[in-house]
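Chain nomenclature is as follows: A, B and C, assigned in order of appearance, with residue numbering initiated at 1 for each chain independently.
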Amino acid sequence: FQEQPPQSETSYSSRGFQFTSADGLYRLQLAGRLQFRFATPADQDPITYDDFFEQKQNLFKINRARFKVGGHAHKPWLKYYFEYELSASRLLDFRVMVEKWPWLSFKFGQWKSEYTRERVISSGNQQMMERSIINRPFTLDRQQGATIYGRWDGGGLANFNYHLMALTGTGIGARNNDDSRLMYSGRLQWNFLGDGVAMSGSALEFYSEPVASLALAGSTNSSQYTRYSSQGGGQLVGFENGSPGQYQMDQFLIESSLKYRYFSWHSEFHRKNILDRETDRLTRLQGWFVQGGILLNPKQAASEGTKLELAGRYALFQPEMELQGNREREYSLAFNCFFNDHLNKMTVDITRFDFEEESVNREASGWRFRVQYDFSF
Amino acid sequence: FQEQPPQSETSYSSRGFQFTSADGLYRLQLAGRLQFRFATPADQDPITYDDFFEQKQNLFKINRARFKVGGHAHKPWLKYYFEYELSASRLLDFRVMVEKWPWLSFKFGQWKSEYTRERVISSGNQQMMERSIINRPFTLDRQQGATIYGRWDGGGLANFNYHLMALTGTGIGARNNDDSRLMYSGRLQWNFLGDGVAMSGSALEFYSEPVASLALAGSTNSSQYTRYSSQGGGQLVGFENGSPGQYQMDQFLIESSLKYRYFSWHSEFHRKNILDRETDRLTRLQGWFVQGGILLNPKQAASEGTKLELAGRYALFQPEMELQGNREREYSLAFNCFFNDHLNKMTVDITRFDFEEESVNREASGWRFRVQYDFSF
Amino acid sequence: FQEQPPQSETSYSSRGFQFTSADGLYRLQLAGRLQFRFATPADQDPITYDDFFEQKQNLFKINRARFKVGGHAHKPWLKYYFEYELSASRLLDFRVMVEKWPWLSFKFGQWKSEYTRERVISSGNQQMMERSIINRPFTLDRQQGATIYGRWDGGGLANFNYHLMALTGTGIGARNNDDSRLMYSGRLQWNFLGDGVAMSGSALEFYSEPVASLALAGSTNSSQYTRYSSQGGGQLVGFENGSPGQYQMDQFLIESSLKYRYFSWHSEFHRKNILDRETDRLTRLQGWFVQGGILLNPKQAASEGTKLELAGRYALFQPEMELQGNREREYSLAFNCFFNDHLNKMTVDITRFDFEEESVNREASGWRFRVQYDFSF
């Protein structure tokens, strides 16, 4: 308890207003983000055949309203962070990190488990307006637990980021583990050009040398859930509410990411097996996407500050690999107008969805148009 | 992303603690408000005959607990604001404003639609303890959407404030519009003495010259609701839960406001038509109120700081103009003790309600007494 | 409204980052606390026979996630404080205090009523990991209302703290009192060695002179509840949901507290009578605990900063004094590792519960093991 509190420094940083004590041991950062979205005929990706025939809505909504508090306390390497979703009154992130050594860090609490790059990139730093159709079936989303992670830079090709996680596997906000088995997950990212790609979309500065990352990740868990989202554990289409430990889920991904000059690239390939222990039914899912974008006005952007980007994505999801004719496809085109990089931007996107269900001999397709404004402070 | 964050300024302002970056581009304001209320025999205005015969409660409650964050980011004219009700865990305001030109501003998000002055005045800046009985049937309350607004000062009599709004019309917190039609609303305020009356009750300083405003506002909407409140869309007495687009609501108001010396005046006259599209029933509502107050101790207040005010209101509401004998009346008297203007004040009020329902040949009346303490920081 | 806001001071204090205006009239403190807990086979104390035979869970959870805002406004003695539980989206504390004179202060709002020391000590300043088994039946927990309190130091033995409270008696978050009778509670603490024991566990500094407090407290209430917790009013085992005013509760406690050198002591003895007005059944409850702890490494702690403490507790609860053979016992041992006193600490505890219900001729017992990390910023 400090009787004579030292003078602190106050400043605005990319993480919001920042207050630091004179001894450097304490820091508090306050930030927020508001995201508004207009969508027609609907905002959510269609996930069933019937979704293509829902009534049209011209919807305008506050999509995200975040309040973020971070910093460090007691030691410069003892960090904390929490993020609260104000519109849904939901605690999202909530974690303490011990980052004393770059190659060996510890984190515990609740956060987005470091599995897919697509999910780890904040919704405020995305290149496209929203994640792809394969995020829903494959993401581990936010979990509670603990992780060991770090970066090992041995020079030359020997440059890796790793994460080893033990998680409850019951999703955001869960208070208990449903059975005595935890979720285990690991991720290894190889930065073979020496510098990895940060967890942020779009090439908003000039990369004179390419930066690239290749990653492998895997996860195993048994729980009552077959998928996870910001609302916690849930079920994929075709799965019923499970009992504790009913679903054994094993999954992996291969991911690539690159930024060079004003071009950026990102791809992911996913496999996931779900074993229903009660019926012994095994379901194998597969999905992948490729995504790329390029800055349109690098020269004008340097003087004006407003950057324009065009980006596109193709994604394919097979909900049941036994049924090769059942496929969902997404073709997206996004146009970004960065007034102040990711902190103040407008995005317009147009998407075509193709839905084929040969097993029951039907198909559908549809278009979606959206406009979004994202503002960080 | 600023590598070398500039030094900021820290200060206390009427909007709470305020942090501003050295370049002036970023500002953060943190404030809060706590409101405690004691009421007997009940706090809510009676709205039906039966409400007059409810059991008496001596209630003490935390009536409002607000956390407010505002400021600007990236540009001095790019402003943001959010307000969260802590006791109900509800996001109230949530908006971004582009205020580059006084005569042409833009706002989007969720906020109190600029329709009636009575509703727009914050609950912390009211002259009486609470809004009148006609607020419930006529307010548009908070909505999501976008607005163009501004002030045009052409000199002399040519001094106007205007607001043009396109809103979802489904109330606070709504994620979708219920049909493809939006709510449209407009307001024109004429400041015929050159200086308009700010959106705050009571004349707490000496107005050597009178300031006055006359306003006209109107709104049209079709939705499943017949009224709006802080809880979102709802139904007036006598209306059942509607289906999307069932109720066509058209309404207008005429409003006057004046402050001169230590006296303040405020009146509103409302009309509203509700067409039930399923039964073709048209209901016409009317209501008005007049309200005035005067500072009791202007001379002592100058030295002591504590200001005393006496204020009164008369309000009349006719829920169905076809039935002229159905009338609700409110007579209120409020005594304010401003320790630090609206930021720290105590209010005592006494109200008499008269309820006449000639159509079913019954009437009732009752008294209410309340004490409130309102504290902003 | 200050046109020229004065410069403020910014610092880090034991209550988080603190901003004070130049005139000293305004102060804002922002702080937070994160608490993580692992427990096996369960976290909650068993309260029924069946609880001993529940399925084992290895649970990891975010146990507390607090955001705290405090300070003063308008006057240095006009203080405010609110605390919000982020993981449950619940407003905990919410109060304004007038602390102009040490011997006569006023508080209103919602807060932990000053009844038992065990409950008043913040969960972040506890010596043991959690409160004892008798907290559940005897605490008044958080209530809404008003209190007069203060400290009277007449020199020598004449040193007292007092609290006189009028509360709604309907628990946290309640908007109404259920009947017209309030809860009344009082507490008198005698600091007979001149300096009282602060509301914080463990002797973390060297007390060369002993400090001690003896306290008496009592409460009377009639409501629909037989107990209170952070979730509001509820029922003890054996009581059904009540109607307004059904349960008349009268209770008192005797409490002692001492710190000397590196040793700390705390004990409480409770009695509570519950009269069911509908059946005229009177139930008499009794409970007590003793608790003590000692710093293990005072010399090393002075240089290293990390303090180690061993603490133990014995608690006995008799849910029905008529049935002397019905008893619940808790034996707890806790090991604390204070990295930065209570602000950054890890606690390991092991507890044995004994449950005897001679009236139905059965008994059970069980062990519990927990690890907790508590981090304040």
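Everything below uses one rule, namely that contacts are C-beta pairs under 8 Å (C-beta built on N, C-alpha and C of every residue); 3 or more make two chains touch, one makes a residue touch a chain.
As the structure is a prediction and not an experimental result, all values here were calculated from the model.
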What rotation angle, rounded to the nearest 5 degrees, superposes the C-alpha atoms of chain A onto those of its identical copy chain C? 120
Please decide if copies chain B and chain C contact each other with the same set of residue positions, more than half shared, or with different positions, and reply same or different. different
Distance from chain C to chain B - Cα centre to Cα centre, in angstrom: 40
Where chain C touches two or more other chains simultaneously, the residues are 10, 30, 89
Over in the complex, which chain C residues touch chain B? Could you list them? 1-2, 5-8, 10, 19, 21, 25-26, 28, 30, 69, 71-74, 78, 80, 82, 84, 89-91, 94-96, 108-110, 144-146, 168, 173-177, 180, 182
Please output the residues of chain C touching chain A within their complex, sorted ascending. 9-14, 16-18, 30, 32, 34, 36, 56-62, 65, 67, 86-87, 89, 339-341, 343-344, 373, 375-377
